[in-house]
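Take a look at these structures.
Both complexes shown next keep chain A, but they swap its partner, so chain B is in the first and chain C is in the second.
Our next item is the complex of A and B:
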């Protein structure tokens, strides 16, 4: 038989029952316990590598980008960086003939992204959450565009929109509707941005659907049945039971949509390059064009900084508001 | 646990050492000097074979030098150069278009070695024509060695011209416009362009600018010694340009690229293309009957050749500049150029290398265009800075899509130039 080791309690006689050690007043451990930080500091050694990688590969380039926005630099390693203060910002806001078009296109893109692919994803999730024949097949079909490389999607849709050999030309011939062949999907500045957006919806709606499907699994079946028993119709069940339960998923989808839409790049590059005449230009691509195309790193990074501020202005208040709403509920 | 950590540390160290050993091997283990040459990826097998042959022949003739060729796409090449130039990772020799906005950027950045001593040593001042040397010497001194000289002209389908009743090749601008009208009447698109690649449609605008303004004013405009807002010929240029895009260029050009628009030429839906001497090989690669095509200069009235020079530059921080010069001397020599021009074009940059005797009729039609031209005017994306080129294209496309009054185009461009 083993016996427990006898540990002399502090200040007590040997063999006296154990009492928990009380931290000394002013000790580090007491401070940690009072401030609730014991767990964090204990975890810090495990977080440190990821934190270091985040600082080096994310925070560092961000800070460097903001710093470069106050300089003029051609991007060549040996070329000097000339400090110009806010000159780059003055230029993009007052002299750049493309900036404001890119800015408004970016805002339009974000707003449309929050409405159409999010709404479509939720609708598809609601439909495919029911026991339907071929449900899994449909889920796969709708999700597949989300795993195709964006530049491949751009190439595919560019060919679909081709005025000579694309879908418009084929449909025009099939239905004897020549006006269909005359639509310049990517050549008409009034519709080109929305034509590209259609490709974006095709790409992203399935991913949103998958996220909402996952969220729908957490909706309590009992609550839904109870609501129905109380006489709620489908819309009332959706609004009062399903949507509130989907709130955490909705936050994720909305935040991801905002971030992905603000930095849209591949589809624009692949389908129009920002044309015709920069009418489909967006801030991310214009920043890239200034830096890597025109060797104007100062202006390119100024545009990137503006993009960063827009992202923070939209995302941070939304997340704060969401967190507060969750706390209140 | 400790022994496991030791194993991991040893493995990591081994991998690092192996990686370092593979870096910057500018000195071969057998005592040879290795130089790196960065260039564009060749899409034609014949071009690849020619480069491989030339490098092999050079190395055989110079067993103490090996040439490591690295190829990239156009944008990949530009990106790689921008990040590597001026660093230890820069190549010894790199390809670039020789214009101010492209090769000139490297010269401005101090990345190109001035080569006058090699020009004297190897007699390059007499090897290359004046037209080829203009882009090399425009920065003062000698920056780069000519690699190719490209000419651009109008390719036309003989069957389309015959169908439209065009009996003689237009030699004046008015005759060209009249030919366009005949083609339209015959239901044939006069000329095709791919508008998503801005430089394609730009060729038309450049030629119209030369036509309306003449050589001196054209040069003054691109050198910013004349005002785009004040010269009346600039307005005339953009007015003519809009007329061409409204009436003579393929519908939907704005939303297709040059490869897609070229298919209209191959199918006979379009009669002409404004392309370069490399297009001869493109026609062959697309199974086109060469005998059905003719080439004529855009009748600007100035007798200057529309084209550009591509060059190879030696990095200013290359440790093997002498060896690089030996290679470039061989590349442009009478030994290598016959192999080169068979695959790359009809004209050698070396004035002493004639066109091949067994050239096709289409290839041979470039010879008088090159030899009889009086000077060269380059594509404006080589004449202008990168920012100016971006704006030039924006205004070009606004006029082409009727979004900007052509009478305001010159002033719009001058406003941008003044703000730089």
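Our next item is the complex of A and C:
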């Protein structure tokens, strides 16, 4: 912990200790303040455009969505907004079975995402960090799904899952396994969610790989060599040298994964639209459908508010923890 | 460039200082490497399968799609699918819309974010860390939380179905992440640089424009590429705000084509390929900068 790196470490990494600041000399600071080059008013011109956009298009709508969750409204301009207290929440919690289906699917999605694409990304990164023939091509192929529009991925996979002409049907013929052709990948309510999740893994694992590869560059070669000289086997090196060095990266990957899985939307809209029988419904989509599809802004925004609270419950402790560990270092 | 090793002497971990075994010979390791390489090749082929399948389908006639196995090569490429996709779908109009939106949104958004990150990291004022936290929080909240009221806001401004009407929310929703990343990057630039610039009488603006920004090129390049790709691909906000077909961006056009011509598999896949092509080209062209930038962002940062 006391090593002084030549390069400043991991500023982009929220979990990482930042370079300790040089103690400011009093005279220099005073001089700066007198010259009007620091302080809030000097910073304002740089901050104003960002703050204006942020307040009008991000914070404003979020506050408004909390407010609207206590009203009943069709969403049409000029239509009356009627205050109903917590009625919308009572309705989504007690009378809306779709809400709970969406809720549990969102949880399943987050948990699976933390295991499968994160593990795959780490494995890919470990393997492709070695000098191998064609390494860059391999990396690119794993990464490319990450730049394709999720809605395009949804269409590709929908076509792959086509029960008559898709990959299942074709494999069934090749391997003479007719049961493969029987599977309704997106039509069976027990399978559909996981079929979409497969597309999500395909989309996101390469991105995790790139993040882990970046993190692996900070694993000190000397440490690894020293451990090997001391007789550590590959697993011991991984467990005791590589993994601890990857900790900041892992934190970022985990947080990004949670955020990305909470807001999964495009893939589901493009592949099933939430069906069959709401079996692939998630909170982000259900909120959207209530507001725009059913013109039930109150319920839609109540669901959005629940989503907001879930996000904050996950994210705020993480940010406080980051800020604290930053201060300590 | 970023792999500069630590200069300080290593303190050896006590638990690993057990014995000094001789190193393995090179032969068994070679077999391991070859086996690994073959496993890798297979995984890459599996990984590429969806794209290969899509390309094959896009080049097959309807007869071949229904009559040949999924991975049978399209020996007589049916380019007509591409022509049909171009004629039936609104591809060129949508691509134009997407391009204008991305080419305005990305530089403007990046500039605004960089300015904010500069103020938050290089200038001193009260509660600046708290402000950074509040802004960063925006990067973590799903867009869908705000989308219905956002629709009302844009409608009230009379900007539904216009390019500026999506550019503004795009900029706002891109800000938190970009500001956060650049904040980290700027903070890692030594404070001595500011001091010597100040001694020479540089204003805040000059410090930002002539010193901090040029020093941050790798991070800016990486964010530019990432942001171009995610702007091109954005679906949820566009779905809510762009309802007339003339205003559609590429993701809306893909979805529109899909729902209109559900069973024209050939043209449908051709359409998807053409819509993905621009980001693939951007990715391949800027891959070098992208990888460098991503590494710099996470390692040097």
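What we mean here is this: the second predicted complex is superposed on the first by the 271 of 329 C-alpha atoms of A that agree within 3 Å, B and C clash if a C-alpha of one lies under 4 Å from a C-alpha of the other, contacts with A are read in each partner's own complex, and residues count from 1 in each chain.
Just so it is clear, a residue touches a chain if its C-beta (ideal position, glycine included) is under 8 Å from a C-beta of that chain, and two chains touch if they have at least 3 such contacts.
Source: prediction; values computed, not measured.
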item: Touching partner for A:324 - first (chain B), second (chain C), both, neither; value: neither
item: Partner chain in contact with A:161 - chain B first, chain C second, else both or neither; value: first
item: Which of chain B and chain C A:292 touches, first, second, both or neither; value: both
item: First (chain B), second (chain C), both or neither touched by A:95; value: first
item: Partner chain(s) touched by A:239 [first = chain B, second = chain C, both, neither]; value: neither
item: Partner chain(s) touched by A:49 [first = chain B, second = chain C, both, neither]; value: second
item: Residue contacts with chain A in the superposition, chain B compared against chain C; value: C
item: Partner chain in contact with A:79 - chain B first, chain C second, else both or neither; value: first
item: Chain B/chain C common contact set on chain A; value: 75, 77, 162, 164-165, 292
item: In the complex, chain C residues that touch chain A; value: 2-8, 10, 12-13, 15-21, 23, 33, 36-37, 40, 44, 47-51, 53-54, 57, 65-66, 69-71, 112-113, 115-116, 118-120, 123-126, 128-129, 131, 133, 135-153, 155, 168-169, 171-173, 175-176, 179-181, 183-188, 190-192, 195, 198, 203-204, 208, 219, 229, 232-233, 235-236, 239-240, 250-251, 254-255, 258, 265, 268-269, 272, 275-276, 279-280, 282-283, 287, 291, 294-295, 297-301
item: Chain A to chain B touching residues, read off their complex; value: 74-79, 91, 95, 97-98, 161-165, 182, 184-187, 189, 192, 272-273, 275-278, 289, 292-296
item: Chain A partner contacts - residues on chain B that touch it in the complex; value: 79, 82-87, 105-106, 108-111, 195-196, 198, 251-256, 260, 263-264, 386-387, 390-391, 394-395, 397-398, 400-401, 403, 416, 419
